[in-house]
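Chain IDs A, B, C and D follow the sequence of writing; residue 1 opens each chain.
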């Protein structure tokens, strides 16, 4: 089981800030493919990955990053702090 | 060498922070501060700004950025304060401060901290208008370009 | 657009100045400050620093520098305060502050103001030691080089 | 008559911060030549111009700058503000 977290417009469009799912994915991009099968909203949110960033256990990573033993995977738009 | 990172919803007193920072930066000679303010333009009025962040990751990312600056420049002190939650126009969003024996190091490291923080610390801004419309602020290509420039040098 | 130049022997309150500056910089979004402090190093103790200046020319030179920055960057406000006379270790020598809608403009213009001020405003520093020795601070080649870089760009 | 002003170590070595002299010089460098004839101290102070800057009527200028009708000429070392 892995905890998936959403921020900003992803959170708004999915109507939730987190969900716990059973995943067999070994990389972030594989997890995205699983998530897209969850619902139409998921499919839509992840339809264009150009505007989405991912973090594995609170570290920013590329989409092909492994997620072995990860506790928490997060998806969000490019950051706009400062 | 000292790093001070604060992520908070409460307002901060920029002047008091800068004074305390400079007082504690013994032997530094050069102190630079940057402050980001919620814009308040009559022609484009904002009702408020809302800042979301990824608690836990935010602190880690800011600490990482501050350590990287400390490793690159001869700094005696780094301060980063960043707010989240609802902010009114003219309120201060965040600040960084750097102290160094060298003026160029103080400037460059503060500039570097801002470039990294802007694109690598998990904050997202939303601007709410008086008519109820609210839009997420979009990341700018120039921000990623600014980051890339530090990698080259 | 507003320029505030002050040449004074009296101390100034950095924090109060930064707060007032940011409050008056409506719509700016980005505020940068630089402060120069009399160094206070245990291994190289100073009794005091003495700053001589060319009254009349100083104000003209600083105004010229501030106007040049205003012409080069989209600034809404520039502040320069520079002290003269006798200063103790840890005292603030001077400060500049810039406010702009753009973060890079605020950083670059403050850096520019410092580079110009350092080599083109008529101030001369003398460092007095506890043994009675006192030496004029020598200008650094790197300061002239920093200035030249702004002319190219 | 022109007012000549000195700052920093030039002022200290000459023992004065200003003097008014009758000058027929048409450029700063010509004035320097006249000043060197004033005293041994003057001659020594101006023996190496690499470390000396000049201002005519409070404007920084090169050594070959004209001084026609100037009220005040100043000499000083490279500036060290900030």
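One rule holds in what follows: a residue touches a chain if its C-beta (ideal position, glycine included) is under 8 Å from a C-beta of that chain, and two chains touch if they have at least 3 such contacts.
Please read these numbers as outputs of a predicted model, since none were measured by experiment.
In terms of their C-alpha centroids, the spacing between chain B and chain C amounts to 23 Å.
In whole angstrom, the spacing between the mean C-alpha positions of chain A and chain C is 48.
The set of chain D residues touching two or more other chains comprises 82. Shared interface positions of chain C, defined as residues touching 2 or more other chains, are 36, 103, 114, 118. In terms of which chains touch, the assembly is arranged as an unbranched chain of neighbours.
The set of touching chain pairs reads A-B, B-C, C-D, using the touch definition from the header. Taken together, the chain C residues at the contact with chain B in this complex read 13-19, 22-23, 25-37, 39-41, 90, 92, 101, 103-104, 106-107, 110-111, 114, 118, 146.
In the complex of the two chains, the chain C residues touching chain D come out as 36, 51-54, 56-57, 60-61, 82, 93-94, 114, 117-126, 136-139, 144. Those residues of chain A that touch chain B in the complex are listed here as 5, 7-9, 11, 55, 58-60, 74, 76-82.
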